[in-house]
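Shared between the two complexes below is chain A, which pairs with chain B and chain C, respectively.
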Partner chain A sequence: MINRNLVKVLSFRYPIIAAIFLILAGGLVLLPKYEKQKGIAPQELLNKSTSPERYISTDQLADIIINQDPSYIFVDVRDEESFNKYTLPNAVNIPLKQLFDEDLVMYLNQDQFDVVLFSNDNFYADQAWILCNRLKYKNLHVLKGGLNEWYNTIINPPFPNENMPAQDFELFSARKAASMYFGVAYPEQAKKEVKAPIKTAPKKIVPVKKKKKMPVEGGC
Partner chain B sequence: MGPLIPNGIIPIEWDSIIAILIGIAFGFILESSGFSSSRKLAGVFYGYDFAVLKVFFTAGIVALIGIYYMDYLGFLDVAQLYVHPTYLWGAIIGGVIMGVGFVAGGFCPGTSLCAVAIGKIDAIIYVLGIMIGVFIFSEFYPLFDELYTGSFLGNITLVDSLGVSPYWLIFIFAIIAIIAFVVADFVGKKIKKVFY
Partner chain C sequence: MKELEKTKRLSIAAVISILVVLIGLLTFKRPKIVYNVNAATTIEKITNPDYLISLNNINNPDYILIDVRNKFEFDRGHLENAINIDASEILEDENLKIFNELKKDNKTVLLYGKNPNEAIPPYMLLYQLGFDNLKILTVENSYQQNKLVTKNIEIEKSVADINAFIQESIKKAEVQPKPQPKVVSTPKKIVPVKKKKKMPVEGGC
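What follows is the complex of A and B.
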């Protein structure tokens, strides 16, 4: 049994397919266009920003610098004036305004080194972090608390109270040692001038033999 | 999201396995639509069978429209797709040689292997010819090197070189395809039927 209606429809199959093509292709032309979001997907950015690897603590940083780990680049995102006043040893200055300068971007857009961004607080460094991550740059970290935290913990570590646990004292001594590495001098470290003893002519000692007490002899 | 393998949704190790599966499906469809017959393939040049034109043009349009819809809906990123690099003169001369071979032998490289699979003797000869051609090309490569790697235009597409919106290009392309189908049908009706 042949379905006559189906045959009738199918005899128009080529015009139907042609019409479908035209409608779909025309649809592409007529669809409202939107600007595609470039860079990484929002979800991925969220994952990265909540990842514990995002921040690096000042203690870790001190450890890296003291051990002269060659796989890190320190990027100071503050302006040049502050950079000249004080910065971390071997840091590169990329002010936030010039973040994407062509000759500076090579420090950020690479995947061989770990980059540590820092500013006075972690505010500007975080902004730089977000901007660079949007562009899919890799291995970016932010110094937690920035240079202020660096100063408060490493350069000028607070002396623990006597009722604090032993770990705090260990941490303090580690930080103190680190700060000495970075050139902080401590009063007890300063050498007290030891007075050279004045040499005087030794007195001549003339031994005087004591008369031995004679044991009591005899007796009756 | 897509393309699936570059974005790590399918591990890269599956690459060859997927290629084999797609290849099997492609070969099956080529054979079942009669493309392993050199008479059918050559028909497009003599005007008695336009199946090749229709099938490949339709496949192109379907893929084009589908890819751009998926791109629009965010399933696929067109910018990440591989675009074959263009070596202008190499492509022109290679295309002429391939065209002559197509008319003369009645196969394109893909369909010739398909026909070998079902045991066609002409296809076996054809594939041997391909092998000899490959051998000559590789032995005399230094002679062809300049042609092969010269006039390099980069990974360009029609959208880049014409500077039009891809959507308009697809629309115009679809219209051209439909006109081509109508003309092919018209020519097919005029030309004496060939039984094969």
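What follows is the complex of A and C.
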């Protein structure tokens, strides 16, 4: 008897299983809509963005430019007008509004170059950095203090006081030399140029040997 | 009977697979904190200066000040009625609860730090999580004789026209604006001209 009942129930086994699967499938539809947003975990992003690791100082930047390090790209995130006024040598202009434009994003979303983001201060550059980092773009840096700091330290370095340590004087002379590289001229530099003896390439004297004329012998 | 044994296996497999699906569904954990705003929308938001507010306009009962500096700085001096939430702890449960409550009450949260730059990370994070009732207070805090001094500042203001400065310096130095291309003088070949020694004419007809 038991067996017969079991057989009866089991004869419906396929409809039963199918019904269970259907109910489960229906449940999936009813699940709350979960819109997945791209990006690294917010906690991780916060940790990264509150640490000063991303910053690069103006002195480091000057060093990179002067040494013409080919592994760096400089990205100006200000608007086009400010970009045209002044920017770092060889910088690319990606205004914050067009950060994710398809033709421009290739500068940011790559892992071959180090990218230095900069603006007047580091306000816009930081914002761009945070957005790019959420999308896992790599090798991004931010110029600490932006172009204002660039002006205050490299382009127009403050002359150290007499009672400052020698280090500051060294730093000043390094920055001054850097500023000359970026086009700033100093009065004493001009004088020096006048005084400096004009170097001329040493003349090479190439003695041209003439054929010795053989004494004319004989005659007709 | 033989058939029954066969089908038992089949139904066991079916039950197990259903169980796996059920267990999977039950143990599925959604991450607690998720983004609600995508990057493109965030860019639109931050390129519109609406989210910045100056010190003069903070006298509104709906505005709540939040100080994102650390506790030490906060204790040293802070704006009136400000709440201290360290920037790095902004995503902790209790702090998110505060923000949720403020959002529910339709309050506007004004974030400030040592300078506006310090308020960016918490602002950006919270905005992308879906808190749209935030503003950044554009002030700079410093201490004078241990007293907090809060100054309004303009964001991203250029301190100097660098190009003009360079041009000026060149003028001052009285150097021609265009460096003359260096003429590389090729070393001259000096051909010593040897005078012909006049040979005594020998012979001859």
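One rule holds for everything that comes next: the second predicted complex is superposed on the first by the 150 of 220 C-alpha atoms of A that agree within 3 Å, B and C clash if a C-alpha of one lies under 4 Å from a C-alpha of the other, contacts with A are read in each partner's own complex, and residues count from 1 in each chain.
By our rule, a contact is a pair of C-beta atoms (placed from the backbone, for glycine too) under 8 Å apart; a residue touches a chain by one contact, two chains touch by 3 or more.
This is a predicted model, so every value here is computed, not measured.
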| item | value |
| --- | --- |
| Partner chain in contact with A:V29 - chain B first, chain C second, else both or neither | first |
| First, second, both or neither for A:P52, with chain B first and chain C second | neither |
| Greater chain A contact set [chain C / chain B] | C |
| Chain B versus chain C as contact partner of A:P70, first or second or both or neither | neither |
| Touching partner for A:F21 - first (chain B), second (chain C), both, neither | both |
| Partner chain(s) touched by A:P165 [first = chain B, second = chain C, both, neither] | neither |
| Residues on chain A lying within both footprints (that of chain B and that of chain C) | 17, 21, 24 |
| Residues of chain A touching chain C in the complex | 6-7, 10, 13, 17, 20-21, 24, 27, 34, 37-39, 41-43, 45-47, 49-50, 78, 82, 85-86, 96-97, 99-100, 119-124, 126-127, 130-131, 134-135, 146-148, 150-152, 155-156, 182-187, 189-190, 193, 200-208, 210, 213, 215-220 |
| Touching residues (chain side chain A, partner chain B) in the complex | 14, 17-18, 21-22, 24-26, 28-29, 31 |
| In the complex with chain A, residue positions of chain B that touch it | 58, 61, 65, 68-69, 72, 165, 167-168, 170-171, 173-175, 177-178, 181 |
| Chain C to chain A touching residues, read off their complex | 4, 7, 10-11, 14, 18, 21-22, 25, 30-31, 33-40, 42-43, 46-47, 87-88, 90-91, 116-117, 120-122, 124-125, 128-129, 155-163, 165-166, 169-170, 172-175, 184-185, 187-192, 194, 196-197, 199, 201-205 |
